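Everything below concerns the one structure shown next.
Letters are used for the chains, namely A, B, C, D, E, F and G, taken in the order the chains are written, and counting of residues starts over at 1 for each.
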Amino acid sequence: MEATNKISKFFFTWVVLFAIWLAFTSTFALAEVVTGVVVSFIIAIYNFNNFTEIGLKSFSPKKVLYMIQYVFVFLWALIKSNLNVALIVLNPKLPINTGIVEFETKLKSDFAKLVLANSITLTPGTFTIDVIDNKYYIHWLDVKCTDRDEVYKEIAEPFEKILLKIFQ
Amino acid sequence: MSEELMQQILSISFYGASLALILIGVYGVLTKKNLIKILLSLTIVDSGVNLLFVSLGYIMNGTAPIFSPAIMDGKIEVLKTAPMVDPVPQALVLTAIVIGLGVTAVGLALVIRLFRHHNTTNIDEIRNLKW
Amino acid sequence: MKKIIIILLLAVIGYFLADIFFEIPFGEDSMVVSKEYLDKSPNDLHVANTVTSIVVNFRGFDTLGEVTVLFLASTAIGSILFRRRKVHTKLNPQRNAPHASRIVQISAKILFPLIVLLGAYVFIHGHLTPGGGFQGGVIIATGYLLLLVTYRKFSVSHSSLTWIEAIAGVTFAGIGVLGLILGKDFLENFLPVGTINNLFSGGIIGIIYVAVGFKVASELTGILDTMLSIKVDSEENEQN
Amino acid sequence: MSNLVIILAIFGWAILTYLAFKINKTLGNVFVGVLALALPAYFFTYTPSDYTVSVMGMSLQFGFTSFASLFAMLVVVLSSFALLYSIPYMNKKDRLGWFYMNFMFSVGGMMGILMSKDLVSLFIFWEIMTWSSYLIVIYQGKKVNKVGLKYMIFSAIGAYAMLMAIVLINKWSGNVNIEQFFASFPNYSSAAKLLSSLLLLTGFGVKSALMPLHVWAPGAYTKSPMSYTAVFSGALSKMGIYGMALVAVNLYVHSNMPIMGEVIAWAGAITAVLATFWAIFQNDIRKLLAYSSIGQLGYIAVGLGIGTELSVFAGLYLAILHGLFKGVLWMVVGAIEHRTGKTDFRDISGLIKKMPFTFFVALVAIIALAGMPPLSGFVGKWMLYESMITSNHFIMVLFIFLSSTAAFLYCFHFLYGLFLGQQEDEFLKDVKEVPVLMMIPMGLISLSLIAFGTFPGLIFKPIAQAMSTLGFENVTWRMSSLTNAWGNSMFLKPANFMFMAVFVFFLIIITVVNHKKTKKVGTKDIANGGEPIRDEDNLHYSVDIYRPFYRVISPIMKYKVETFYKRISKGIEEFFQFFRRIYSGNGQTYALYVVIFLTALLILSSTIF
Amino acid sequence: MDLFLEIILGVVALALILSFVRFVKGPTAADRVVALDTMSVTVISLLALFAFMFHRIIYIDVSLVYAVLGFIGVLIIARYLEGGI
Amino acid sequence: METVLQYLGYFFISVGAAFLLLGSFGILRMPDIYSRLQAGTKASTMGSLGMLFGIGFLEPQWLPKIIVIMIFILLSNPISSHAIARGSCKSGIKPKLNETVNSYKRIAEGCEESIKKEE
Amino acid sequence: MVVANPILYVALPLLVAFLLPLFGKIHKELIRVVPGLLFMFLIFNTVVLFSEVTSTGKPIITQIAGWAPPIGINLVFSAFSGFIAGIISIMGLLVWVYSYKFKKVEFDNSLKYFVLIMLVTAGSIGVVLTGDIFNLFVFLEIVALSSYPLVAFYRGRDGAEASFKYLIVGAFASIAILLGIVLIYSQLGTLNMAEISLRIGEMPEKIKITAFILLFLGFGIEAEMFPLNGWAPDAYSQAPGPVGAVFASMTAKAGIYTIIRLVFTLFDIDAGYQLLLGMGIITLVVSEGIALRQEKLKRMLAFSSLGQMGLLMIAFGINTKAAVVAGMFILFNHAVIKSLLFFSGSYLVYNSENKNIKDLFGFGKKLPLTAFLFGLGAFAIVGLPPLSGFWAKLSLLMASADSNLIALIALILIVSVVEIVYYFRVVNGLYFKKYTGEFEPHKPSWNASLVMLILAAVIVTVGLYPDLIYNYFVNAADALMDKANYIQNVLPSNFVGLN
């Protein structure tokens, strides 16, 4: 179990790194590909344990689908957030009502927490100031509520739903 | 915008910027009391000189002296319109930067030791050796 | 008062330097030797990046010096900061800094291999792109810096750094001497130059730049680790 | 065999001696003895030959002129006697190897100076002589810091003045050959003439302790072991005289710059007077002799400065004699020191009983020094007076006369304070006569003094030969007379006998009269009358004997050259103390200097470039 | 076409200048870091824009490296603000 | 086809530039560091993404690299803002909060808590 | 395969420096042995190359990376540069022997020490040999960066303070030099020194002079010219003993070399010589005067060293062949004698906390050999015959006389008196003051004694027979002063005409 997990992690890392290498070089010339295989192999050896938690499982079609879903959810939130910011910034009155709120997440995976934090940061009027264990501290440009659960619903739930599925 | 005007503006801004960096840096070295600030001022002077060197090697509308495939084949008009800037300053500035980095790093190490020894980073208070 | 004097002095220097600088026409082609480089780099050495061929070949001797400067800086910092390295090696530095944010720590884990990959890409393609051994090495060292600042207990094995440093340095200088042994000049290319814009082109230039990349990376990492691990040492007795 | 080899042999022997002393003291002493015997034996038998060495494109020439031979004779005689004398004298001291090595180095240096026919090699040997004597001055290590430094500084000033002269001469004459320098000197511009000769004179003047360059001498003479001081004051200082004679005679006499000769002569005269005064007030025998030496060298300078045939002759004659009698006197002091461990008049008295031989040689030397007939000193003084009078230096005669008269005071002090007077039994208890090996050199030199007094011709011959090198050809002399400037012979013998008669007469009178008055009292008895002792009561010849005289001349003595030098050096030190502040210790300030320097260069760029 | 790019260039430059104003104004070190962060992101875009203007992919590489270095730089200053590195 | 892609590219570039400007305008206008971060991060991320994406349209062969940069920016920008915010919080910079929402306590608590956690 | 090659002066030390940590992992002792072998090889290299230069009468031009100058960087091993390189490598060996037992127990320290010593040697030689001005800058930085840690090598002292001052001023130096190089490059488009020298006339007057001033300033700092030498006394006095010798015999040599090349070869500004002469005089007088006022031995030696640098500047500033020959002689002497003084002086104050001159009183008996050798060094440096210092001083004075600089002669001699005062104060103290017993002297190890004896032997031998090496000085002077020949040797072909 342990060994297979490691192998899976390693191959995942290798593949991802190699993919990025290909993106860097943007070519399939033999020399480049061979070098890329070797380089990403070496880097993967030293990093696979930290680079991923679930290894090759990430490539399971279900998860990929959820990822795609997440991307769209996120992009929509991003655009919304930016328009939101634009409105605030461009408004001469600067209508803000800032505050700091907190909520608890159900996510266990470190990576999931990271993605959630980043997502929150990039979406409307909120960003993550700190994460301690399961507690997220959020700076909110326009505070709508302060209760933990309400905050959770308002800010985190849409992302967390999908993340829970991806990272289990 | 006419070519000459552009050249004037660029010249003033690049030469001016490097001169300003040099002078500001030297001013910092001479007036700041904090050892780290003095070191940082030195790096500012370095940057000024490096900027000057690179801007001296610039050629109007020039491009980086790297022959990419497209340029080699001559398919894109860039080759005809854009000459390559002088590569030597870039190579030398690379060296100068690395050297400056080495000096700054050693300087910082010295600052750390001085701080441990004298418990201050004020250059006026570190004067055991004089006369 | 002193400041006024300094400003006056700087004003004089500034006046004279400005006088000189603006005498030099901006953006005009005044290349002499560079013309040769721009001609010979693609045609003789088959190296796309002229800066690289200057750095590694035409003026490779400078670069050897430059690598030495880094090596020296690392040696110097070690010598300045540590009395007994034994205390330090293989010992977690346990810096006094507070924990970094968990988020940052996780992201560092993910980003580190990517940064190293980028660094490797940069120094492997030094002769094709605006990269090179120094740039790539710096990027990799930055990756280590990321880990060093986010994980308080993270420490680099100086023993392996020593090996990398040494091997990379010896590769550079050794290739130079090899040229000498093969009856050519020091640092002269003795390998086929290949086709321009291919990865395997430019003869020894690529190899040297890879060595430089390793050297710079290990050197800078060592420096950063040394600088960041100083707090252990401060408890050591200052007496000689 | 070339001349150079002798010198190298001496140097080599010096090192061997050092090593020999490392092995065994007796072996070392044997080495010293061998050199002491071999040196005169070799010197008086070999035939000189010239030798040239090329160094850095310069040709350095070696060989004796007859003038140099004269001095070489003195050096050889005095050195070998002093070396012999040293063997017992230095017996109890440590680091003998070091002492003898430097002793021999300085002997070699002196011989080298005399052999050099060019200025560069002269300078080299001059410096060897200087530093080896310096090393001996500080060899005993007691309170020598200031003395050694003073000696070194003055030597350096002198040597560097000489060096400057040498490089200028090299430029103006085209080479450093001494004869060619003299030959081309008339073609020099007057400034060049003045500069080159003055610089050389400064160089030589320091070694011959001419005022105001004498400051180093009392300390240096005093601090070195007496066996070396005999050479130091007797021979080494004559190197200055040697050079001065060359310069004064060759340059001033033959190139018509008499005014410069006057300067030397006057410097000598003043030195003679003041040094004699100083000598009078010394309570330490060594100091007394040191100042006396300075004074005597003053006479010699007078003779050289006046620059007539007779005066130069007198100067050289006095120079040789001074070497001899001062040699004896220093050996006497050494003998006393050796036996009693003391050199202060206040501690010593009545030695005549225990050290009669020493008293005898001291007496002979003192008479020679004082210039009384029948001994040789008188002849020299006589010639000097005559030469001054014939060249119309009447005022100078007064100076010299004053000095000579005053010299009697310290001569008396010397003899009486040490050997005669109250005898303290406790003090004399362990004192005995010096060993034979110390007696021999003293005795032989004293004998020669008597011989030269009676038959000055013995020494006239080499002096006359030496004079020919200086351009005074055909100086006529006989065994007891010298032909003076008017072509008349000076008859010395009658005068000699006359003075001898007067001297013996007075000696008898004084002895008889005093003998009657003499009464033996215990030294603890001096205030037995209950009468309090006042300051001005001199109970002993040794202490403050000439206090009334001092009151008379004290206005002159107030002005010491030393204070002047001290002020100069203080000023220099303070000047540089100010400069030292530049190095403030603040790195930023150093950076500021860089910026200031840059600014200055930029501002001045249109002027400089 | 050129005009368009020049306008874009102007806009980006203006963005840079505005951030720089914040950088100069401060008032705290953190504010300056925020400005710096924004500026570095802007510069990344600017470099990409140059790449397009000069039709040289090499500037994209520069932009990538700049992104990495800028990020880590900001991170370190942030760590410093936290009270130690 | 080519022109459509080009116009799309220009559109994205324009949007990107606009947001970049907006972001810097935001950090200039906002009252305190935390709200400046809000504006700065979001808008500049959006701006650079837009611009890079637009360039990707115009130079399709560069797309792989551009995507790498975009991913990197997506990953790094929020993190750096977060780090700055946390750092300012720990270095004691108080946010300017609306008094009606008395949640300043929470950030203070949050900081303290996280500091406690360290020790 | 070439046995001896100028490039090996630089390449081998670097190679060995990189490898040394690995050698240390194989066997601890190799850390100390290998550098010695390297230095021995460098001396062998010197001998072979020098005999070639002497026999052919032409400098050896080595091109690097297969490109003829001015495209590639080249090294010029001439009778001038080769001689200085030879001095430096020989001093390297002596420093190695002297420090062979240095901190034997502490592996890491000795590793770093030897690496730094090797690199400071390689850097100094690189400065001297290179024919490319930017390359010269790089080597100067190598020298500087290996000097900083050497100054701060000991922890118990104020080395870090000294080193930091050195670093600030040194950074100014490198900035000025770089700026000067930038200006030259912007006008001539080349970095090859021969080509710069050939085409310097093409530079507009104003830019040329500014570039000259900047380079003069930068090199002046390295050459320890007053008032740019504030760092020097601190650095000399805080560094370990052998490092003081390294500064005197290597880095200062490299510094003075640069300024000589600047004035003699690179530029055609006649006032440069006068400027050098003037600055030399000021440096000489001020430094020797301040040395007079020092209480600490090494600081005194440091100021004395600065004075000697002033003397060197004077010699080269006079700019006649005789003066340049004298300058070469002084340069040689300074390396040998100052090293002896630093070597022996550091043993004299070895256990003293404050390194005061009065701490070593009475050591003539405690450390007879060391004290004697220090004394010999003092005698030699003030120019007492028959030691080597005398001939150098004499030739300088004669050269000044030839150039009608009579006041200068007087000045140098007056300063020499000052020199005598402070050196003999120490010598007197050594032998004739009472040992205060505040600390026990540290007996020199056999290897240190050996080095000091070798240096002493050189001083005496050259003093007795200066012609032994005099011809090398003459050849070096010829090589330095024949600018056209230098250019022709480096750029023999049609490249001369390239524009």
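Here is the rule we use: a contact is a pair of C-beta atoms (placed from the backbone, for glycine too) under 8 Å apart; a residue touches a chain by one contact, two chains touch by 3 or more.
As the structure is a computational prediction, the values presented were derived from the model and not from experiment.
A count of C-beta contacts for the chain pairs A-F and C-F puts A-F on top. Relative to the whole-protein C-alpha centroid, the nearest chain centroid is that of G.
For the pair chain B and chain C, the distance between mean C-alpha positions equals 16 Å.
Taking the mean of the C-alpha atoms as each chain's centre, chain A and chain E sit 23 Å apart.
Separating the CA-averaged centres of chain B and chain E is a span of 18 Å.
Between chain C and chain D the centroid-to-centroid distance comes to 72 Å (mean Cα coordinates, whole Å). Annotation for chain B: residues 22, 26, 29-30, 38, 52, 56, 64, 66, 68, 88, 92, 95, 99, 102-103, 106, 110, 113, 117, 126-129, 131 touch two or more other chains. Residue positions of chain D with contacts to 2 or more other chains are 580, 583-585, 587-588, 591-592, 595-596, 598, 602, 605. Taken residue by residue, chain A touches two or more other chains at 20, 24, 26, 114, 117-118, 128, 130, 132, whereas all remaining positions touch fewer. Across the complex, chain E is touched by residues 95-98, 100, 104, 115, 118, 122, 129-131, 135, 138-139, 142, 145-146, 148-150, 228 of chain C.
If you check the complex, the residues on chain B that touch chain E are 63-64, 66, 68, 70, 76, 78, 82. Considering their complex, residues 22, 29, 35, 38, 42, 45-46, 49, 52-53, 56, 88-89, 92, 95-96, 99, 102-103, 106-107, 110-111, 113-114, 117, 126-129, 131 of chain B touch chain G.
Per the touch definition, chain C reaches chain B in the complex via residues 2-3, 6-7, 10, 13-14, 17-18, 21-22, 24-31, 33-34, 37-38, 41-42, 48-51, 54-55, 59, 62-63, 65-66, 69-70, 72-73, 76-77, 80-81, 128-130, 132, 134, 196-197, 216, 223, 226-227, 230, 234, 238. The touching residues of chain D, counted against chain B in their complex, run 580-581, 583-588, 591-592, 595.
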